[in-house]
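Submitted below is the structure of interest, expressed as structure tokens.
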Amino acid sequence: MSTTISASIIGASGYSGAELMKILLRHKQVKIENLFANSSVGKRVTDLYPWFGGRVDSVYEQYSVDAACTSDIVFVALPSGEAMNMVPELLERGKRVIDLGGDFRFKDVSLYEKYYKHEHKAKNILHQAVFGLPEWNRQQIRSASLVANPGCYATSAILPLAPVLKEGIVQSHGISISSLSGVSGAGRSASVDLSFTEVNESVKAYKVGVHQHAPEIKIALEAISGTTVSLTFVPHLLPITRGIYTSIYAPLAKEVTPGEVLSAFRKHYGSEPFIRISETAIPEIRNVSFTNFLDIGFRIDVDNNQLIILSVIDNLIKGAAGQAVQNMNIMFGFNETEGLLS
Amino acid sequence: MSTTISASIIGASGYSGAELMKILLRHKQVKIENLFANSSVGKRVTDLYPWFGGRVDSVYEQYSVDAACTSDIVFVALPSGEAMNMVPELLERGKRVIDLGGDFRFKDVSLYEKYYKHEHKAKNILHQAVFGLPEWNRQQIRSASLVANPGCYATSAILPLAPVLKEGIVQSHGISISSLSGVSGAGRSASVDLSFTEVNESVKAYKVGVHQHAPEIKIALEAISGTTVSLTFVPHLLPITRGIYTSIYAPLAKEVTPGEVLSAFRKHYGSEPFIRISETAIPEIRNVSFTNFLDIGFRIDVDNNQLIILSVIDNLIKGAAGQAVQNMNIMFGFNETEGLLS
Amino acid sequence: MSTTISASIIGASGYSGAELMKILLRHKQVKIENLFANSSVGKRVTDLYPWFGGRVDSVYEQYSVDAACTSDIVFVALPSGEAMNMVPELLERGKRVIDLGGDFRFKDVSLYEKYYKHEHKAKNILHQAVFGLPEWNRQQIRSASLVANPGCYATSAILPLAPVLKEGIVQSHGISISSLSGVSGAGRSASVDLSFTEVNESVKAYKVGVHQHAPEIKIALEAISGTTVSLTFVPHLLPITRGIYTSIYAPLAKEVTPGEVLSAFRKHYGSEPFIRISETAIPEIRNVSFTNFLDIGFRIDVDNNQLIILSVIDNLIKGAAGQAVQNMNIMFGFNETEGLLS
Amino acid sequence: MSTTISASIIGASGYSGAELMKILLRHKQVKIENLFANSSVGKRVTDLYPWFGGRVDSVYEQYSVDAACTSDIVFVALPSGEAMNMVPELLERGKRVIDLGGDFRFKDVSLYEKYYKHEHKAKNILHQAVFGLPEWNRQQIRSASLVANPGCYATSAILPLAPVLKEGIVQSHGISISSLSGVSGAGRSASVDLSFTEVNESVKAYKVGVHQHAPEIKIALEAISGTTVSLTFVPHLLPITRGIYTSIYAPLAKEVTPGEVLSAFRKHYGSEPFIRISETAIPEIRNVSFTNFLDIGFRIDVDNNQLIILSVIDNLIKGAAGQAVQNMNIMFGFNETEGLLS
């Protein structure tokens, strides 16, 4: 297919924005149009990311809806709470939008306001948003105007849990999810807590039981499995730059063999281009670094009647920019792996 | 008190052995007598650990029981399966021994052989071994001839779980334990899997459901709580040198307030010199690095009816050499913190 | 251009071999034919490098010259001392070869034997070897049968020094080169010295004054500048996976302005696709990570009459596999950047 | 000796201040009196450094000269430019002061203002300041009222160079110094540049040729050797928390043997408690981590007529707090190693 579209990025100066640029530069059917930033307006991309030297000569621009509307697709990679100020107008003007932040992931405004701790200002378009998990919502994504790209932790937990919940292998209550993330997940920001010296040679849990991805995981799993789900989610900060390791402990609903668990995964993901499942191998973050893959491994703990599932992603790719491009590929009828396999 | 004892270390060339040396050098009532090694016999300590330059001038010696018996206490810091060849004779000759390995942690030989995958050759002294967890076994340690120093992961999991199990706050089944360890836990060895390039910027779970510390945790908790316990234990390897982060997910047995959980911890550990508990703070590995402390934090997840407990230790100190010296202090009537607070 | 060639890799199981695979998979005009290994024969590529899962299904094969000769180009990525056993026969049979090791970088056998510490067994083909530094030897590379791909440190030092030496800006004696390398430069091997625990949170110089890349740098610079060169080269091992930082201290031969130094670099590298020069910016390793770029920065130290030049490369790309593919592109008339810009 | 003194720290909330606390807690003859901070006033020490939990219960206080004057010694661990506002009054009131910052290291105000880029406000006490390098200035330190503790890089460069310059082994011109520092050297601060994600897996030089420690090194070496010295100094930022690696390239003044170089070092440092010299071993940062030692190694590069000297320190100990305590021990007639060998 030789169609070419143009794309703009709002919030192009952050880590997800930069990662989107890298992927789109490789994409044969996309031309990057505008890069919008905020405090970095007027700077060259290479001032913030010299890595792009010799490849990108662009300057970050002040956002304007008119400039954004010259593109076929607009990616929004802003901190939560900011996308909702821009997206309504973009939709009104007929643009298709993929939001990498959290503003459109919940239909329930009160839940959003509880976890994100600010008012939602674009409630009336929430119903239009499609949760951008290609493996489960491919059909709706195809025709969506607004895709809410899933959170990084959420992606790493929903995808491994969904098949075994849907197939009745594990119970929908008493699930524990222990996730470990690299520091890039916290974005590009000045903070003592994220300084090298404070993070290096250490680990800490944070937002224990109150992280905004917990309800995102719960709601997505409920939608997929059709049952009420309750789970405990604990994120931890690790001294690595990229990657998420998610270890899931789910009570078994029945006796199963490893082969049956594998079958459940294969049934749903057997033809998925970006999910790799193994009955024997244990996932490692480095196996998915700089890729759009999610790897799944598992073990059955008969003594304690639990299924242990382990999953890994690159938080900036399958957990953000890569999944966004995967969604874009679906929306525009491109090959779903275009730009995502090198 | 001005008594002084002499100590020897068998397996002094490994990481735990070296850490023992560091602590004993600071200890006002211990004189290091012999350092026994194997492949490093004849080398200076400073050949392997130049860090000791200017402080230690010793040479690693070939083990002999006669040489070992000139000491008041013998520490054994060997890979599992080796201590059992030496300890019986040491006990016969009246020496007191602290084994940092796994050979004497189980009373049940079949369990040992299942998890350690070799025959036990000193079954007849297993009954003499005291599990060296000062917080629960202080009395028996005092008069023990043979102390089986707990495993690093085991220490990090038993101590935070024991009070809430014993007090009936959490159920004794369906517990999940997600542990993260620095690489020094794997010892000083040549292996592609432990090379910098393979470990750095990654995470992997390993021995999922089959790690030898899982039954150690279960047995210790059963002994303390008086009930059967079942749990899932998953260790993960992290790109840090030292430290263990343990995240525990335990089903609540009843409704509790944070204050009640705190009280349960305080009841048992309120006067412990090396356990720090917080109702609000979340543990971080760096807070206990190079110390003998274990820090505990917790949260109640009402929605999923679970208690989340988080604990951290330095795997080489409270998880090995520090706890061994704490045990020695108890055995010889020294101040329990001597050598362990600088 | 639509020509397609086939390539085989001898020593495909090492880090350089794996990196070559990654690049060749992206290359539009190359088909990977055979992957030869040694101790890994019979294993899948994904057993050693699960990263390739879903993209590569190959198995490492035992080397045979017949199998190798079915390819148009043979890459040799073996430890030094092994390539010389295979390359003569490949050349005889008309194959074009790129050796990523050190066996064919020196014309002077005695120098080779002094630094590599074993006998050279293919002396009679040394004269055929072209030193594969595209920026200076592009013409000879084009028609070469055997390309000796430069060493990683050597690349990072020769390229920044050559223009200022050739233009008479710095003296050819009294040059000091301080290089820092990530651990992947040492290859994929089991060794206590390269274990995470020994490397992490430390730095050490090694092979001080006796590293085999020192004469490689000297000879290349003498060939380019036409004068005798003497220099001190000290490599250091850093706790990072990839990347080389090279800091050069060269006595000035005359008074110069920054503009004149910049002009010297631009004169030689102004149209080079993989060299980026800045008068103001200071190179950082992360700017070139996973790329084939070499970045150069510099400062004039008037008080001490020295030119300070700083350069960075990714040791596995511009320092090994990327430069090898750049050489291949030249040899086969492909676009020089093909496969190397994503 | 059983004298006990009291000490206060101004700037106790930074990394050097915290390190000072750790050392002073171990010191048998010092009682910590007041901990003065700025933005952290009212917080507990354990709020910033939970590591001290169970050992320190203090609260950071607002600075007042009266409170400071209740101590026998005042350590100032503030960013450069702030100490000069406090030290004059402390001296007037008869206090002895050790400043860990740069305000009193130069006698030449214009040099200070050139490198530190702000006006000096306490010029009239500069003559009282003794440069706190125990190995060369022990006599003056003993009776000093004001000790200017040397910079971390400066310590790592002056000490290895001084003996070979003084003994005429190397020339005093054309010296190059390549230093690598862990991130703690930059202090505890919120900055994108020091965030984990920007520092990890990278290296960068900075302040190339304009770092304030360059003139500090030059002046100290001139004072020691009695000749004019010119040198190039380039600091680099490394992804480690602590430690400095300094590689020095100095033109030989005459033919020497390794034994003669060793003798020069031994002549000056043979009885120094914190300098370790080796003719064969190459220094590594981890050998000095958490210690007050400086390790020196060297090689003679006959071909390029240079002496290569390699040195390592822990930037927070011998490069800051440890050296400060060493100075205090000298000033108060304590054992010079007290508090510094555990």
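The first chain written gets the first letter, and so on, giving A, B, C and D; residue counts start at 1 in each chain.
The rule is short, and it goes like this: a contact is a pair of C-beta atoms (placed from the backbone, for glycine too) under 8 Å apart; a residue touches a chain by one contact, two chains touch by 3 or more.
Everything quoted here is computed from the prediction, not taken from an experiment.
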item	value
Reaching chain C from chain A through chains that touch each other, fewest steps	1
Chain pair with more C-beta contacts, A-B versus A-D	A-B
Between chain A and chain D, centroid-to-centroid distance (C-alpha), Å	46
Distance between chain centroids, defined by C-alpha means - chain B, chain D (Å)	37
Separation of mean Cα positions, chain B and chain A [Å, integer]	39
Junction residues of chain C - those touching two or more other chains	200-201, 239-241, 284, 286, 289
Chain B contact footprint on chain D (complex, rising order)	25-26, 50-51, 53-55, 201, 273, 276, 281, 284, 286-291, 293, 295, 341-342
Of all residues in chain A, those that touch chain D in their complex	15, 183-184, 188-192, 194-201, 239-241
In the complex, chain D residues that touch chain C	173-176, 178, 180, 198, 200-206, 208-209, 230-232, 234, 236, 238-243, 245, 247, 249, 251, 282-286, 289, 297, 299-301, 303-306, 308, 310, 312
